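Please go over the structures that come below.
What follows is subunit A paired twice: with subunit B in the first complex and subunit C in the second.
Presenting the complex of A and B:
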């Protein structure tokens, strides 16, 4: 990547983020504002893809809510992301695991 | 990205299980997304509907995206009043109409 861009971004890149791999079960805390109240909302899910782009690095996290799959793409260096904690790791032999979207039973696919 | 002929899942207890989009309301455009009002046909009748969740990812102001595994719609009458009285499943947070959010136990993501 261009060293000039890297120099500018280095001021904003977080250094306390754990090394996230595909197949990690993570718990991510996001700072949200509901009206006047501010709070941190936690959500768990499996990382199904990671896109490395310096400060614009994103991860796609998949979880199931009320029987429906929901995917969220987070910019992990965003100031709204307060914490990322790795709960468990599943051994995966792919860079992106989009095949789990068709999984009837997730445990078999992973 | 809901367009004409898209079949959506009905997320309330108004009766029909699926509805087909037959038009998009508002300024002329080809695709509707979450929170937009569309015209749907369900079980031989025509209703309006509010798109509740969409399979194509939707960007949020903080740079994150949300993608839900189904295309869902909530049926409403022409005046905006919901046809059913209970809503199921997961809605997007762009559904802000108070008549729908007051239908109890609504999960928005």
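Presenting the complex of A and C:
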């Protein structure tokens, strides 16, 4: 990557993000604006994939809501993401754990 | 309107005040000098010629005819080889001076910018890629996969009409993209960022104007 591009990106890249790993149970806070109201929405889930791409780094977080699996992709350097907290780490042997969509054991653990 | 020349660096993204990610193309603007001012009474039209000087990609040698041309514009120490013209109204042409460096502060954040560049060359392309023709069946004994089909009637008119869509060279055309929003300007580093994509590959010479 061009060094001049990296300089531009460095102004927007957060340096206080914890090192998120696959299999981490995280709590993430997202800034939401509804009309005039402003609030921070927290949600918990397990990180099943991470896309390392500088400023465009994203994580996919999966959680189960009322028996239905929900996956959401977060742009972790976005200023809308106010906080990321690692609660627990599950022992994982793969770089992407898409298999937990069907795996019963790990699901029960979570 | 007067413009500048630069090099397309790369695409990236930044975040705006509302926290939204905005895709930007970063342009490295070179030092641009006015090398010739063309006036209606002498040249038949009003325009200004810009010479592009890149501090990092220096041109070592220039021939004497260009040297003489630069001498007229009072530029002696810079080897300028790339020139572009921008057409101007007669009102704007009077306050320009030969040899003057055009500042990047010409542009401001929020302005709309037009970009001229050469699109990525695709080489000799077939019907499907160049003109979005549909292809023939791939199976059931068909031998017509990517062929053109009929290119016109028979004895009357007895010729192929001009402009018939056929295979040929695709890309590497001069392309203009208008009304790109400026979202980033760094006057010290001579860098400008516009929202969205611009034609061509990274490292291509582009001209920008308002």
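The criterion applied here is as follows: the second predicted complex is superposed on the first by the 104 of 110 C-alpha atoms of A that agree within 3 Å, B and C clash if a C-alpha of one lies under 4 Å from a C-alpha of the other, contacts with A are read in each partner's own complex, and residues count from 1 in each chain.
We adopt the following convention: a contact is a pair of C-beta atoms (placed from the backbone, for glycine too) under 8 Å apart; a residue touches a chain by one contact, two chains touch by 3 or more.
As the structure is a prediction and not an experimental result, all values here were calculated from the model.
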Task = Label the relationship between subunit B and subunit C on subunit A in the superposed model as either fit or clash.
result = fit
Ask   = Of the two partner chains, subunit B (first) and subunit C (second), which one does A:4 touch, if any: first, second, both, or neither?
value = second
Query = Is A:13 contacted by the first partner subunit B, the second partner subunit C, both or neither?
reply = neither
Task = Once the structures are superposed on A, label A:65 by its partner contacts, choosing first (subunit B), second (subunit C), both or neither.
result = first
Residue contacts with subunit A in the superposition, subunit B compared against subunit C = C
Ask   = Looking at the overlay, what does A:101 touch: subunit B (first), subunit C (second), both, or neither?
value = first
Message = Output check: A:55 vs subunit B and subunit C. Expected answer is one of first, second, both, neither. What do you get?
response = second
Task = Could you look at A:40 and tell me whether it touches subunit B, subunit C, both or neither (first, second, both, neither)?
result = neither
Task = Return first, second, both or neither, reflecting whether A:78 touches subunit B, subunit C, both chains, or no partner chain.
result = both
Request  = Enter the shortest inter-chain Cα distance between subunit B and subunit C once the structures share a common frame, rounded to whole Å.
outcome  = 5
Key: Doubly contacted subunit A residues - partners subunit C and subunit B   = 75, 78, 80
Message = Which residues of subunit B touch subunit A once you look at their complex with the stated criterion?
response = 53, 57, 62-70, 88-90, 107, 109
Request  = Please give the residue numbers of subunit C that touch subunit A in the complex, ascending.
outcome  = 9-10, 12-15, 19, 21, 26, 28, 184, 186, 189, 191, 193, 202
Remark   = In the complex, subunit A touches subunit C at residues 1-2, 4-5, 7-9, 11-12, 31, 54-56, 75, 77-80
Request  = Within their complex, state which residues of subunit A touch subunit B.
outcome  = 65-75, 78, 80, 101
